[in-house]
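Several structures are given next for inspection.
Look for chain A in each of the two complexes below; its partner is chain B in the first and chain C in the second.
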Partner chain A sequence: MKFKITKEKFIEGLQQVQHVVSTRTTLPILSNVLIRAKGGMVELTTTDLDVGVRGAVSADVDEDGITTLPARKLASIVKELPTSEILIEVNGNNIAAIKSGPSFFKILGLSRDEFPELPDFSGAQEIVLDQKLVKDGLKKTFYAISTDETRYVLNGVNWSFAGGKLTLVATDGRRLAMVDQDVEIPDLPTRDVIVPTKAINELQRLLTDAGQVRIRIGESQIAFELNGYLLTSKLIDGTFPNFRQVIPGAPRHRVTMDRSLLLETVKRVSLLTSDRTSSIKLVFTEDNIEIMANAPEVGEARESLPVSYKGEKMSIAFNPEFLMAPLRNLDSDEVHLDLIDEGSPGVLRINEPFLYVIMPMRVTGP
Partner chain B sequence: MGRIRILPDALASQVAAGEVVDRPASVVKELVENSLDAGAGNLEVIANRGGISLIRVVDDGSGMNRDDALMCLERHATSKIRSTEDLDGIRTLGFRGEAIPSIASVSRFRLTTREKEALQGTEVVVDGGKLGGVKDAGEAPGTTVEVRSLFYNVPARRKFLRTEATEFSHLEQQVRLQAIAHPEVGFTLIHNDRPHFMLPARSHLLERIQGLAGAEIATRLLEIEPDGDGDIKVSGYIGGFGMGRSNRSLQLTFLNGRPVEAAPLNHALREGYHTALMKGQFPVVFLFLEMSPFAVDVNVHPAKKEVRFRDGHAVRHAVTAAIRRTLTRAQTTVPGQSVRPMIPGRTEIPAPPRWHQVPLIPEREQTALRNDWASLPPAPRPPETSRNDAPFPPPAATPPAPLQPEPQAEPENSPANRPVTTEDFRIIGVLGKLYVLMESAEGLVLMDQHAAHERILFEQMRNRMTAEGVPSQRLLVPVTVELAPREFDLVQQNLEALQKLGIGAEPFGANTLKIDSVPTFFRNDDPAAYMSEVVEELKRASRQIASIRLGEDLVATTVCRHAVKANDTLRDPELQRLLADLLACELPYCCPHGRPTLIQLSYGDLEKRFGRQVP
Partner chain C sequence: MWTGRTIIHVDMDCFYAAIEVREHPHLRGLPVAVGGRSSRRGVLTTANYEARKFGCRSAMPTFKALRLCPQLTVLPVRFELYRCESQRIREIFEGFTGLIEPLSLDEAYLDVSHLRSGGASVAAEIRARIFEETRLTASAGIGPNKFLAKVASDLNKPNGQFEIVPDEVDSFMTALPISKIWGVGKRTAERLQALGARTCGDLQRWGITTLTREFGKFGVELYHLCRGRDDRLVTPDRERKSVSNERTFAEDLEELGEALEKLDVILEELAVDLQLRHGGRRIAKSFVKLKFSDFQTTTAECAARALEPGAYAALLEEAWARRGRRTVRLIGAGVRFVPMGAPEQLEFPV
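So, the complex of A and B:
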């Protein structure tokens, strides 16, 4: 195998695939990137057995071939090479010679025979969506994914394609983010799938604002094809909780606030919470919300936000992190907070198909 | 003819012997208990070849007349109870009427006895359960029971005996145990014609404990703080912070003068030592419980090792409280006399000594105390009433079994009883950016800065949780948890405590709980898994202390992250403050994980190391 490639192209290709490579693995081949040179293209593949990424970059291929090389080492070498032109030659023993101007590197690879194949998706269901729509939907939901590995069904985003809608939901059992977007997809009998966090992160990295993404759903795998890249992932085996039942009914109060103002206020006030276990309190009085926090032995903070509110005085406590997460990831100017009472879930909405259910906190006195 | 037959008496006794007598030590136990029930003031236990060839127990108790001496060999014959009511309130150590005939059925048995006023005594010989002869004999007042060739007629049982040395060590342990339970009685143990130990009557409890546990441990024990009144009296000696052992061998509990085991006691001890000992360690405890015999059922185990309490919770509470009280006091006051390793005691030196003065230091009283038990306060005489009563007096006439003497308490407000303050320590410097070296009146004290800070933060956070309650996060979807019926009941009784801890739970059908909110610091835990941990904690902790305890493990882990670490350089004012805050803690002498925060190298230790003083 022998090819010539520009430094910029090679870096771009390697960067898109190297995140999948696990840093700690007992299987050395998983640290490597599969490189296949053929017909003017160099194809790069990485996998951690759950998630796999494949991309291709153009190159001058003198001699077709295939090998695997340590992904991170290769990427860091390429990044530091002194000239833009890189010549790579790999012999039959998977030893790669990398030349760039005056510098020369020899790195030891492994045979491609051990490299796991990416799953096969022939005969899988296929859905094509706009990248922007998916990118936007994931941005509004991914932060609510649970990191608790004991409840593995929550370690991903639930995708549902029923009723002419793409519904993306993530929750950690304390709050839930959902985007419910009309899409034009063939009305096929589809099932919900849970795509694990790591694949969501990779997908977000690959998604752009233009073009389309081709999604293929197999028995236990999902594949996303976009911008010349292929991302495959195992699906989480299990049933996502019935998220529709946790969305509260008609609210008694709706307050509308400026998103960035609310975010800034909560951020400021939450400086005076003692640790990540504490709450901030929202006190509603006529046309006003007072947001406050106190940290024992430190002090307290309060800030008022003028809003349009006509109900009786009410207060509700939230985890400030849970309140800020959606505010950071939305881009609308306004948000609506729908409330019933201090013990019932609050719902954050915008004038787009999105909602965020946030469970209140209760501070039990002595 | 049917195949079911009534067993001959001798065989029945051998069967019963299987329950009661399994090795020489258990023979000694039964005989010693009989002697104690007969009001003995002095007891002699003589054993040969580990007790296998001979056990002789000689007492100066009430003795028996000829009829009783014969009667006591019958099965289910006893002087100790007469009616079912008596069984409810047993005050004697024995009551089953099985021990003597059982022992006699598996050995060559000789009993000689004389009542004090009687002119002559009686000698009864039994061989393998068969009466060999009864005759008059001249005897000292009291009873002597001689058991030779134990199990000679039960080869199966004999095969299970261990080496003489092992059997003797069990036997000795048994005698020591009884001696601790009855410090007012004199005990002598003679093995293979050589005196093994002699404990004079009315010797001090600590002296007896030392015989069992060794001087190293006995000198470091804390005396249990008396708790005034209450139906359950707890007294004795316990080990202090960090004085743990890997097994229960020195966790001895006595109920009304009887060594006993009971699950509630073990729970109570563990609770009392919560965070004072490392996980998995057992405390050193010589604990005496005194309570109405009607509140306890000793008729549970043939050898009466186990007991049941009418009100297990009250017992647990009393024991836990006594331990807590004692541990707490141990660190807030300077005891005048006892040797407590972590606490600067009163010494003859008014000012902290200079290092070069070490050899000049006069003998400290603790050293003297270690070697000279005579300096201990004499034990009060036990009640004498039962001593010369009629043979095996009916239980109603017997006062409660005499317990350990209540050692004379040091005057409460003696000048030495004062809180430990930072004044007692002079900070010398920091070793390895971790151990703070301090000089105290007793020697060198090392403080682990991380462990100390952990303890301080732990108590601060716990106090805050107690005062303000635990913030609770509601769940989007309530989780249902199915529990075992007993666990479910336990949780149901504690719903309010759980609420305080931030766990919102309510019954949801049979044995199922619905959890709708969890404390915020359990953010990423699976509520169902968490609940099973909570149930475990609930089982362990007694009801009274349950609420805050459930979060403590997490608090301990959290503060561990916030505490100053090794290699953090602390300046002098920081060290001073650390020490002051530590001494202000409720339990300053160990970190929340049970590791010590302070270690002392006393002048005595140093002198031994430097060879200035012969160990």
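So, the complex of A and C:
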């Protein structure tokens, strides 16, 4: 195998695939990137057995071939090479010679025979969606994914394609983010699938604002094809909880606030929370919300926000991080907060198909 | 007029052993200890004064104690009974002050600054009440702070008391051997002596800079303690931060499978303890502790909200992987609690 490639192209390709490579692996081959040079293209593949990514970049291929090389080492070398032109030559023993201007590297690779194949998707259901729509939907939901490994069905985003809608939901049992978008997809008997966190992260990296993404859903795997990349992932085997059930009914109060102002206020006030009391209190009085926090033996913070509120005095406590996460990932100017009482979930909405349900904190003692 | 604090340190005399002798009157006057049986890897928890004459000490392996004193009676530990006695004593304290800081079942600090009758007479009264109610003797130390009270309670043990009045603190401290300072163990004492300090008086001649250079942070503490200064408050009902259950094995474990079986039993007991005595507390973390053949310990922990056997098994494996060539002599499993009064994040009712 022998090819010439520009530094920029090679870095771009390696960067998109190297995140999948796990730093701690019991299988040495999984630290490597599969490199296939053929017909003017160099194809790069990585996998951790659960998630795999494949992409191709253009190159001058003098001699077709295939090998695997340590992904992170290769990426760090390419990044530091002194000239833009890189010549790579790999012999039959998977030893790669990398030349760039005056510099020369020799890297020991492994045979492609040990490299696991990406799953096969022939006969899988296919759905094509706008990338922007998916990108936007994931941005508004991914932060609510649970990191608690004991609740593995929540360790991903649930995708549902029913009723002419793409519904993306993530929850950790304490808050839930949902985007419910109309989409034009054939009315197929599709089931819900849970795409694990790592694949969601990779997909977010690959998604752009233009073009389409082709999704193929197999028995236990999912594939996303976009911008010349293929991302495959295992699906989480389990049933996502019935999320519609946690969306509260009619609110008693609605307050409308400036999103960035609310975000900044919560951010400031939450400086005075401690691990022990990681909660902020929102006290509603006529046309005003006071947001406050206190940390024992440190001090307290409070800030007022003028709002339109006509109900009785009420207070509710939230984990500030849970309140800030959606505010950071939305881009609308205004948000609506719907409340029932201090013990019931609050709902954050915007004038678009999105909602975020957040359970309050119960504050006992002083 | 003295406006400072009066602290009493009450220390029950060989508490567990004394209770057992009271329960087994025929053992009165004989060497008695409470602890694990000798055939296994048991150690003494407490030895009475008769047994101490033979050199038997708490934490001493039982077989060693029996070698020193073959006629020693070693009784099994009955924590439930001791806890019950401790509670009775605590109720006596409550008749004198609300500021009670228990250190263990048999030791507590009492802040009695508000009582006019003076520390020594309060302490005498408390000890008399304890004896009346439980037939157990206690020793007490009275001083203007916790440190001095604790040092004093050791001076007329058993069944005695000693008071250090504020005017006498300086002269008392000058003569006090450095080994009486808490935190000064055998090693530190040796180092201090090598540097020429045998008494607190010697140590008082050292500047704070010298002390911190030699002992780091602890140097600052030494600077104050060797002058008899200690401003820590008596904190009542210091909150329990964690609960654990651990087991030392008759023979070290070498197989993970075996360890996992032992863990099951430990967890069952922990679950019962949590349910019976800590029912209201919320769990923040789970942890597993191992002690290896070289007496080094290691702990693995993870966030948790309940006692999940699967999570404990994973923690055990994580800690187990650190053993290298060592065998495992002890396994412990426990939970750390969410601090009381901390806000509780509610969950979706699904």
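Just so we're on the same page, the second predicted complex is superposed on the first by the 363 of 366 C-alpha atoms of A that agree within 3 Å, B and C clash if a C-alpha of one lies under 4 Å from a C-alpha of the other, contacts with A are read in each partner's own complex, and residues count from 1 in each chain.
Just so it is clear, a contact is a pair of C-beta atoms (placed from the backbone, for glycine too) under 8 Å apart; a residue touches a chain by one contact, two chains touch by 3 or more.
None of the values given here were measured: they were computed from a predicted structure.
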Partners on chain A (chain B, chain C) - clash or fit: clash
Which superposed partner A:222 touches (first chain B, second chain C, both, neither): neither
Comparison of chain B and chain C by chain A residues contacted: B
First, second, both or neither for A:176, with chain B first and chain C second: both
Contacts of A:195 with chain B and chain C, given as first, second, both or neither: neither
First, second, both or neither for A:263, with chain B first and chain C second: neither
Partner chain(s) touched by A:337 [first = chain B, second = chain C, both, neither]: neither
Partner chain(s) touched by A:145 [first = chain B, second = chain C, both, neither]: neither
Touched partner set for A:86, first chain B, second chain C, both or neither: neither
Contacts of A:363 with chain B and chain C, given as first, second, both or neither: both
Stretch of chain B penetrating chain C in the combined three-chain arrangement, among 75-83, 381-389 or 471-479: 471-479
Footprint overlap on chain A, where chain B in one structure and chain C in the other make contact: 148, 150, 171, 173-174, 176, 241-242, 245-246, 276-279, 317, 319, 343, 345, 357, 359-366
Complex contact set, residues of chain B against chain A: 464, 466-477, 499-500, 502, 504, 517, 519-521, 523-527, 529, 558
Interface residues, chain A side, partner chain C - complex: 148, 150, 171, 173-174, 176, 241-242, 245-246, 276-279, 317, 319, 343, 345, 357, 359-366
Interface residues, chain A side, partner chain B - complex: 146-148, 150-151, 171-176, 241-242, 245-246, 275-279, 296, 317, 319, 343, 345, 357, 359-366
Residues of chain C touching chain A in the complex: 303, 308, 310-311, 339-350
